[in-house]
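Both complexes shown next keep subunit A, but they swap its partner, so subunit B is in the first and subunit C is in the second.
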Partner chain A sequence: MGRFIARRLVAASIQVLVVTLIAYMLFYVISAVTGASPAQRVAGHGATPEQVARVAHLLGLDTPWYSQYWRFLVGVVHGDFGYSFQQRLPVAELLLPAAGVTASLVVGAAILWMLIAIPVGLVGALRPKSAWDRVSAIAVQIAISAPVFWVAPMLAYLLAYQPSQGKLFGLSIPPITFFPIQGYVPMSQSVSGWAISLTLPWLALAVGFAAFYARFVRAFTLEQLGEEYVLVARAKGASTPRILSTHIAPIIAPAIITLLGLDVGATLGGALFVEVTFGLPGLGYMAFSAIQNLDYPLTIGVITFAALMAVLANTVADIAQATLDPRVRIAGGVGNRADGRLR
Partner chain B sequence: MSLSFSQNTRRRVTYGAVIVGVAALLAGCSGSSPAPADSGATTAAGSPSASSNSAGAAAPAVAGGAATIGLPAGGIDHLEPTLWYMATSWEVAFATCTPMLTFPDEAANPGAQVVGGIADLPVMSDGGKTYTFTLRPGIKFSNGNAITAEDVKYTWLRMLSPELASPGAGFFSNIVGASDFNAGKAKTVPGISTSGNSITFKLDKPIGSFLYRMTMPFACPVPTGTPMSAVEDGSILGSGPYIVQSYTPNQQMVLVKNPYYNADALGARGKLDTITIQIGVDANAAGLQIRAGQMATYMDRLASADASTALQDPTLKGQVFVGTLPSTTYLWLNNSVAPFDNPKVRQAINYAIDRDSLLRVWGGPSQGSVTDQVLPPTMSGWQKADIYPSKGDVAKAKELLQASGVTLPITATLRVRNDAAGYVNLAEAVQAQLAEVGINVKIESAPDSVNQGFITVPANKIPMGISTWTQDYPDPDDFFGPLLDGNRITPTSNNNYASFNSSSANTQIEAMDAVTGPDRSTQWNAIDQQVMTEDAPWAPLINPNLVSLVAKGTCGYVFHPVYALDLTTLGMCG
Partner chain C sequence: MIDNLHPLGSTRYGFGIRPQPSAGNPTLDTSFHSWEVDVDPEVDREDDLSSRGSARSLSFDNQLVEVWNARLHGNCHGWHGLTISASELYAAVVEEGPAARGAFENFWRRFRHDYVGLTCLGFLALFVLAATIGAPLVAALTAHGVIQQFPAGITMDGFPLPPWSHALTSTDAQDPNGPFFILGTDRLGRDVLVRLLYGARISLIVALAATGGALLIGVPLGLCAGYFGGKFDTVVGRAVEIAMAFPSMLFAIGLAAVIGPGLLNVIFVIVLFSWYYPARMVRSAVVALKGEPFIEAAVSVGSGHRRIMFRHLLPQLTAPLIVYATGIIAANVLFEAGLSFLGLGVPLPTPSWGQMLSEGVAEGLYRIAPWAAIVPGIALVLTTLALNQLGDSLRDALAPRGRG
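Now for the complex of A and B:
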């Protein structure tokens, strides 16, 4: 297991290094081709070329890209992501609160979508072609088809704005504020305020994923329910809950966990639409304005952080999968051969 | 300002309109038509003129209370006064800082008249090359310490220092020794000296707009000994009616009353006890929040769809305001590239453009007004010129093109930003209109940061483009100097995108440095009309508007002609 983890961590480091190198090079290619100048942006439009040159020197932009990249790498090793060109604050100081917001959003949403997906998928698998299964299949199809940039504002409108105007799904109610239309309350300020400010964002982000995961859970469970070992378990008198928890769950869990790791990792990079719609100061929004302002250190910081999160989530998922399924760690990276041997 | 309201908002509208526009539209109701904006004035929706502002949210507020105000993400670029430059940051600056000179808390032209700040209006001598300011007695920083002339001198040295690399330094390069100090070649600025409670600035030549430049918040007073590095937590902003109680970048800022603000010396300012600025509010959702009473108002532009529905909603009468921004959106024509080096071609383009149609593309009368002048109507003493017909005159355009001797069709590239609402649409409309007179336009669009890289380098010889310029201070030399003075064309970082370099115009523009008093605006108006009639280096298109919505129960809304939202006048209704 130790060798497995070490191998995954080395691979993860290389992935992060490659991502940052590509991001750095892209910026410099764009600058070289278009003449776009972060120093000009920082110096303001009243600045003379001499002043722009001085700002470039101050920002360290007058050195070759590879030396800037090396400086960045050395900084990262020391936990220093450099200074934002635009805000002149340490990137880490800007990054950490934003990462906290995005983590709150994504982790909360992931819990929510799993809480929805597992029962919906299991009931669908246990009662295939029943009324419940057909209704949930339609709901799943709608949820998958509804883009988050539509779901999010509709939730804000229907559950935050309309109740404040005395309406709820067409019914007249006393004006009430269930949820803020936008805004984020840090957990340090108020736990209940934090949860209330994130309820609609969690829901907006979870709807689509819940539908996908409900499908996976249903399909995987249905497949396993047809296996002979389930028939044997049933013949021995095992109840359905016992079959699900003891026999089927350990088999389908690694696949679901792997998917979850990928999705959470990718979403941690910034759930831009949800963050924009609900005014959450997370990584996605930060990356967007950093790119617009040619704020290389902040952009690279966000990209590096997002890559780290994605790789970390994948690694955790791999390790979890390896823990649950010994074939993965025994395989030593040659999964098919191991699978064949075990079969 | 480096990032105008429109620039600041556009990036949000660009993608935000897709994201939340549906909710904004759902919130709309049918009702009366929007009223057109008066020149340079603020107009309440459904009202014919600025005079109706006495009702609704424009009624004076009472003192006390607290309010939450929305601000888009990235709306605060800095709280370090030598560095802040965004229009929305300067709204905070107007509440937290009292510069040497400032502006009254009033709408329209009265709000653009320079008045004393921490100093009285200065005594000018030496033919406009020396300005002596006397500090007002009894003024203090928020820590209770008196603001002295030495503090003011230190503030200026800090702003001009190479360590801070302030974008404000360029506006004061005519102070004797300032350029050398800023370049790190000198240890002090001989042009700034103090004596008792007075401070003197010596210039290397008269600068007619010097008083306006002294209002800029770059030189917000800071105590002697403030670090020569950026202080971004707001702790050094101690001279305005409000101070920053707390600031979490990209999340929230809380302003409270400055206990040492001397209202007797500086004038009574500030109604609310506490102002919470919620950062990261999307323009598209801001309207819903204001309607729901979760926010008093928004410090930036509402999304155009939301602005339109708000303007047509009779239940919001007296709560919606349309203010003209101190900006001009223009089609610049590269005067150094054939055939745009021919004034008749440039005049023909000005005739070929149907500005009324372009305004519809831009969002209609609520979003701006058409213009054929360089200067926006917010400029003091501005006079409407009517140089070119707003509906265009294609026959006249064709006649001028024929007289120019150029061979048709002309093919030219037009560069425009694509990360802000309206610009590409404008470019496409211009493309269609110019095609009618035999000018084939090829549009190249890119995000602003990339587009600027192309158009600020004259050697790239970009034939034409659409850009917006927003004033740094309300004097015409902030338009004519950087945009049209050929002697200020630089090989990089050039703002004269049209590469307009007319020796007679250069002489006229530079001669204005020596002109002060009422003649100044009269002469600038004459230059504006003459340049646009004879040289036509651009085709000015639109002066953009800012549509604001104010929540019920909030009063004291003032659309300030320099800073837009005046936080100090906002408060609860009586």
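Now for the complex of A and C:
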């Protein structure tokens, strides 16, 4: 077991190293070739070549990229992610609050999507081919197909803007503002304000995932319901809720929890579209504006952080699986299943 | 004539009716007039795909005959106490011939009853038609250019026109003689319908090219990794693991921002973040198939590696690859739209759905003109929906449950 964990951790560190190395090469080598110079950007449009050279020297941009990379790596080990060109602040100081926003978005959305997915999936599995199952299958297919960058403004329109204009799904109501259309209220300011400001983002992020998980729950449960132990339990007079809770849940829960961990880990690196459409100052939004401003230290800081989160989630999932299932230890891990879906 | 029925019991006989090999009477006696069909009335055959391929028993004259596919004739739809006349049976067996069906025929026989799948296929055919022929046709019929801005196509306050409206007069009233906009106009007074149709081209080109690129890289890699194993497999496996650890959307926008917008660049970025899906799928399938007897047989007759991989293994993977590719196309349509939504897709003023959507959302335009976000969004959702559902339908028709 110890050997397995050690091997897994080595693989994980190699993954993070390669991701950051490629990020470095991408932003420093390719951008040098295409002429997008961050030093020019920082110095301003009217700067003389001397001033640009001075800025480049001050930022360490005149050294070769591999020595910059080495300095970056040494810094990361010490918890120092560099210094943002644009915001003139240490990247670590910017990352922390943004990570908090993203975490509150992702964790809340994860709770919401599980609350939707489990009942929908279970009812579908218990009554396959029923009207409910068919309707939910259609809804699931639509939710999977709808891109989050369309769902988000539609939710904002239907649930935030229209009620404020005295309309709700075509009905006339007294104008109320349920949710703000954009913006974020920190939890330290007001807990209820925080929850209200995040309700629509939670919903927007949860819709697609809820559909995926409803499918998983339905498929896993349906598979287990056909097993003989369920027949035995029924023969002994166990009720359906009892079969679900004491027989099936312990079997399917590890698989679902593993998937959940992987998805949450991958999304913790930034729910880009939801953050951009709702103006939440999370990691995705920060990375997006950093990329547009050629703020490379900040960009690479977010990418490193996101890769760390995803790899960490994978590693924890692998180790947890290996603890539960010794076969994994020999086969070498369940592999990475978190993918970069459009979130 | 009866002798023609002799190979009935052979496994080549894939479609219809196979008499139980009974001692002393290997041939079929056609002197009967009707067959009593014994079926399970509980099974809703229209719905249960798994029952489509399963055996049904027919009894006649103490002879048990199995009916594989009772859809052989139209009259088999009514179930209980169904009869098939001897002449029909004879016609089915002798005239249609006992030859095994091809893979495509098998697939089509199942797929043609899947109305949802057929609808999706029809919709996608329409989509392709609209993108290729429809776009210039509509542009010519309406005489609206794809980047033509109509000053009368926006209100005094600069808001776009809703669907089904005429261009405006100087007093913001509809001018019945002015240009007509079926899907309204955008913020710059351009015809949304024409832009939507031309945007479909971008979606189509990017999604197909990127998926083709991903398959072209991923399939050979996965094939070789699974087939040869060893060091190569380890290297490919590590590469896939690392590629999946990338925060792909962040990286994609970074790359798109660095190499600049452009059709080829968008395709390149998408290929870079989708090759590993087919690679992983093909690898695991090849590992599972490698131990099968047909590969052993190919090796034993002296087939080379390349022949085994491309003539024996790859054809086995056609069905899952088609299903998989459909899903990847759907994902890539959304990927392209996402990049365009962030302003990193094809350069302006070429229309694309993601960019139209982002224009509709930008500065809260959708609050005053919801259709600006609804129209491209619906186009996007319908296309992805059709692709996803087609993928599911194809999976059911290509490899129904209970048939492996």
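Just a few scattered comments:
Everything that follows uses one rule, which is that the second predicted complex is superposed on the first by the 308 of 343 C-alpha atoms of A that agree within 3 Å, B and C clash if a C-alpha of one lies under 4 Å from a C-alpha of the other, contacts with A are read in each partner's own complex, and residues count from 1 in each chain.
Throughout what follows, a contact is a pair of C-beta atoms (placed from the backbone, for glycine too) under 8 Å apart; a residue touches a chain by one contact, two chains touch by 3 or more.
Being a predicted model, the structure only gives us computed values, none of them experimental.
Annotation: superposed three-chain arrangement on subunit A; subunit B versus subunit C shows a clash. When the two complexes are overlaid on their common chain A, residue A:Ala43 makes contact with subunit B while staying clear of subunit C. After overlaying the two complexes on the shared chain, residue contacts for A:Val10 are found with neither subunit B nor subunit C.
In the superposition on chain A, A:Ser289 makes contact with subunit B only, while subunit C stays out of contact range. In the superposition on chain A, contact is made by A:Ile144 with subunit C only, not with subunit B. When the shared chain is aligned, subunit C comes close enough to touch A:Leu26, but subunit B does not.
In the superposition on chain A, A:Thr277 contacts both subunit B and subunit C.
In the superposition on chain A, A:Ile176 makes contact with neither subunit B nor subunit C.
Of the two partner chains placed by the overlay, only subunit C lies in contact with A:Val311; subunit B stays clear of it.
By the touch criterion defined above, A:Pro97 lies against subunit B but remains apart from subunit C after alignment on the C-alpha atoms of chain A.
Across the options 4-12, 22-30, 58-66 or 76-84, subunit B meets subunit C in a clash only at 22-30, per the superposition defined above. Overlaid on A, the two complexes show subunit B and subunit C touching the same residues of subunit A, namely 30-31, 34, 36, 149-150, 153-154, 157, 161, 181, 273, 276-277, 288, 292. Contacts from subunit C toward subunit A in the complex involve residues 44, 47, 238, 240-242, 244-251, 253-255, 257-260, 273, 277, 280, 330-331, 334-335, 337-338, 341-342, 354, 357-358, 360-361, 364, 366-367, 370, 373-374, 377, 380-381, 384-385, 387-389, 392. Considering their complex, residues 11, 14-16, 18-19, 22-23, 26-27, 30-31, 34, 36, 129, 141-142, 144-147, 149-150, 153-154, 157, 161, 181, 266, 269-270, 272-273, 276-277, 284, 287-288, 291-292, 299, 302-303, 306-307, 310-311, 314, 335-336, 338-343 of subunit A touch subunit C.
Subunit B makes touch with subunit A in their complex at residues 2, 11-12, 15-16, 18-23, 26-27, 70, 73-74, 77-78, 80, 83, 85, 162, 165, 167-171, 173, 182-184, 230, 232, 248-251, 278-282, 284-286, 288-289, 291-294, 419, 446-450, 452-454, 456-457, 460, 472, 482, 490-493, 495.
Considering their complex, residues 30-31, 34-37, 40-52, 54-55, 58, 86-89, 93-94, 97-98, 149-150, 152-154, 156-157, 160-161, 164-165, 177, 180-184, 186, 273, 276-281, 285-286, 288-289, 292-294 of subunit A touch subunit B.
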